[in-house]
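Each in structure tokens, the structures are laid out below.
Both complexes below contain chain A, partnered by chain B and then by chain C.
Now for the complex of A and B:
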């Protein structure tokens, strides 16, 4: 029982991080209608900047990492995405794949096969809450992501930006007529995606994981199904999807000995299995809007 | 839509007196196409004699181009499939299993290689069809998401089926055999690969001009409009996915036959990304020419950098840990090229070529008349 509780807490913590990453996918999708495949590379580069500066001051390093990712995302939005305005969402999506290739080649050249320690103040400290022993870094990750998510939803539901976002998703063609500037929404979405990616990236590389290596972008890609499961245009769907796959992944890892017939390392592909199952029955995801079209 | 070779090669034929007389009877496009086919056939036949150390590169080119055509079939219908690596691996390993022998490390059924080839291509197609409830309902981007999952699931399955894939050290493939005649020499393998590729290209050109091709074009231009016109969108999408997976499977087998060995680590997301880059470079709307041009660039350029990289000052030697290796340089170039191409000319290099040709022909009034 204590085992299960412990796994659930770690699962929720990992799931909250997946939720943050998925939220980044979703807001860019809502604002621009594209899937941003360079998200994982942004996350990796942001986390890499943090590891390089962490010896000065961890908090400053995190801010610098966020600034770097935001600046890069702004550049991408202003220069690349903007110059493709009016093209099909498919073409812009493929462009982000090209961008991912470039960024990942750079990252691979910089990081190589090294594993860079995050240099965070929590280290490998464990805390006990009742019967549950959990790494402090996981607990901090859970708290931070919950705070970030809460702040996001307050902003999203209360501010005029949030209203604009929801209006733009509902009717892309009518929103501009109501005075909503889709351009600005797109900028805000890319900036937010950068912030969320780096926060998640930092915690994905802290204990119990050993640090930042090139595969961190693949971990980010594992969060992609979270966005799909929740529904690509649903913000709360992203969080629910993230929590779902995070918990499932940690549970599958914890009870690996019972799942041997599925092969070693099954927990790493479980998220994709879940995604395929959900898509099979609900093509728009759990909370996504089913497309209704008039010809 | 699909001239089979670079028309610059065939262009002089049009201006000779004999061809000018023939033009009265045949439209120039048909002549160009015919001439192109003849040139292509001659090139295929003389390749082993002139290619030298480049022969393995050219063989790889043909093998990959088949997979890229499969990608284009879907992409030109507005469907982005990222599952190619999975279907290629599935084809390659099914062939290995069906034609292979039992050994200490691997299992095999020991079927005739030719039969195994056909069966595995069909198997891949059937697996593609099995996913059709999923793939035919999803549009462009969700399809990308779902098929991305297939690649990771595929890697896992290949890892589990060690007796089929040979585990981390890979599996040696049985050579192709016609009766007693075993295709072992590079020259023989080339003729087989080129023959299969030519058939695949011709069939793709036929598909794109058939009812299916027209329906897919309509679906790309507007799925709901197509449905309104009475096109069974889900059926045609399922068909496109079927053909696309068969092409991917055949490509996987050909790659295995060229290399002689298949390793499961080759069939990861990177392979899918590479296929996608080849397709976009060449231009997915030019089904076959685009695939050949894009694949040629993608496969030949890194090889050029690897062989003659010493002459370029910025490059670090191959295999070095720091600095810009030839492979990294090529990847940078391709990634940047993809971004540029999508911004400037979404139809890829073949469309740039087409544009240039039209401009040149316009500047010569007589040639302009012959085009109309």
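Now for the complex of A and C:
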């Protein structure tokens, strides 16, 4: 029982991080119709910047990492998205794959085969809650994610932005006639995506992970199925999808010995199995309105 | 009707087109269309199917680029402007093929129309600032007033996707009115409506013209309605203006009858029977 609780807390913590990453995917998709496949590379570069500066001051390093990713995303938004205005979202989606290759080549050059410690203040500290022992870093990750997500949804619901985003998602041609500036929505979306990615990136590389290596971008890509499961155009779907995938992944890992019959490393493909099952019954994802094949 | 042409600070022309061309690939959907729309009336644009009426609306509202000519809104050139800028300058429209946001409620659809009029702006609106909250309350109040005007008061919390055809048409008009435009483009507002709904809509259009100080451009196939409502009628055929003038004169114009020839009972249609 304690095992299960422990796994659940870890799973939710990881899932909340996947949720943050998926939320970034979804906001950019809602605002622009683009699937941003360079998202994982941005996350990695932001986290890398944090590791370089963490010895000075961890909080400042995180802010610098966020600033770096946001600046990069703004550059991408301006150069790739704006200058391609009028082209199909699919064309730009393909270009983000190219961008990912470029960014990952740079990251590989910088990081190489090293594992750079995050330099966070929590280290490997464990805390006991009742019978459950859990790394402090997982608890902090969970709390920070929840606060960030809550802040996002308050802003999204209370301000007119949420309505504008939904309108732009449904009819990009009609929304501007209500005075909605698609360019502004796009800028805000890319900025938010950068912020969310780096926050997630930092916690993906804290204990029990040993730090930032180039594979961090692959971990981030596991959040893509989370967005698909929740529905590519659904903000709360991203969070639900993230929590589902994170929890499933950790549980499968924890009970690996019972799942041997499915083959070793089952937890790695579980995400995709879940995605296929959900899409089978709900082609637009759990809360989405647009089917993936219409992208 | 207000005698707006007397006020010195407003140009007497709400909308002007000079030699406007629109082409789609090889199709010349509009060919040197020139038109003056006077402030404060109902100006009808009629013509057979495919004449270019919707394209005309798309061109002036910024949804389609014109390939030649000029468009002026209240004396200011707006061709080439982005659609959101034209909206902010005072133009609103409805769509022949409905464009109600189905994933928003009626209230939210109407609130979208308030965007161009929201002074607190996008950023502060999300904060709990008292000024932003007052602003939000004002917007909601405005939306509710408009909703009652267009008979949607009881449907404010319904989803845009759950509405009947006629209700959707009313949401579009309500949303456009929320923008407090100076020029309102209505693309076939009574198509698919029953006779009760149609006469209510006609009444609403008169209210819009007479009490709200809005110049209305109306595309409509219901000729009876056009002849009764419009102060001025322009006839398009194959992307060209073939006639323009008071309804009675246009009705008798041989070029207009010719444009409608091939349409069974063209003269009956034009007479509005």
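Everything that follows uses one rule, which is that the second predicted complex is superposed on the first by the 289 of 295 C-alpha atoms of A that agree within 3 Å, B and C clash if a C-alpha of one lies under 4 Å from a C-alpha of the other, contacts with A are read in each partner's own complex, and residues count from 1 in each chain.
The rule we apply is simple: contacts are C-beta pairs under 8 Å (C-beta built on N, C-alpha and C of every residue); 3 or more make two chains touch, one makes a residue touch a chain.
Predicted model only: the values in this text are computed from it and were never measured.
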(message) Quick check on the chain A-based superposition: chain B and chain C, clash or fit?
(response) fit
(message) For A:289, using the defined touch cut-off, is the partner it touches chain B, chain C, both, or neither? Pick first, second, both or neither.
(response) second
(request) Between chain B and chain C, point out the one touching more chain A residues. (result) B
(message) Looking at A:266 after the superposition, I want to know if it touches chain B, chain C, both of them or none. Which is it: first, second, both, neither?
(response) first
(message) So in the superposed three-chain picture, is A:180 touching just chain B, just chain C, both, or none of them (first/second/both/neither)?
(response) second
(request) Considering only touches as defined above, state whether A:102 meets chain B (first), chain C (second), both or neither. (result) first
(message) Under the stated touch criterion, which partner chain does A:171 make contact with: chain B (first), chain C (second), both, or neither?
(response) second
(request) Can you pull out the angle centred on chain A between the C-alpha centres of chain B and chain C, to the nearest 10°? (result) 90
(message) Which partner chains sit in contact with A:129 here, chain B, chain C, both or neither? Use first/second/both/neither.
(response) neither
(message) Please give the nearest C-alpha separation between chain B and chain C in the three-chain superposition, to the whole Å.
(response) 15
(message) Quick check on the complex: what are the chain B residues that touch chain A?
(response) 78, 80, 133-134, 137-142, 144-146, 148-150, 152-153, 155-157, 159-160, 222, 224-225, 227-228, 269, 273, 276-277, 280, 321-322, 324, 328, 331-332, 334-339, 342-343, 346
(request) Over in the complex, which chain C residues touch chain A? Could you list them? (result) 61-63, 82-84, 87-88, 92-93, 95, 99, 101-104, 108, 111-113, 115-116, 118, 122-123, 125-128, 175, 179
(request) Please name which positions on chain A make contact with chain C in the complex. (result) 154-155, 158-161, 163-164, 166-167, 169-171, 173-182, 184, 289
(request) Report the residues of chain A in contact with chain B in the complex, numbered from low to high. (result) 34-35, 80, 83-84, 87-95, 97-102, 105-106, 108-109, 112, 221, 224-225, 228, 232, 262-266, 268-269, 272-273, 275-276, 279-280, 283-284, 291, 293-295
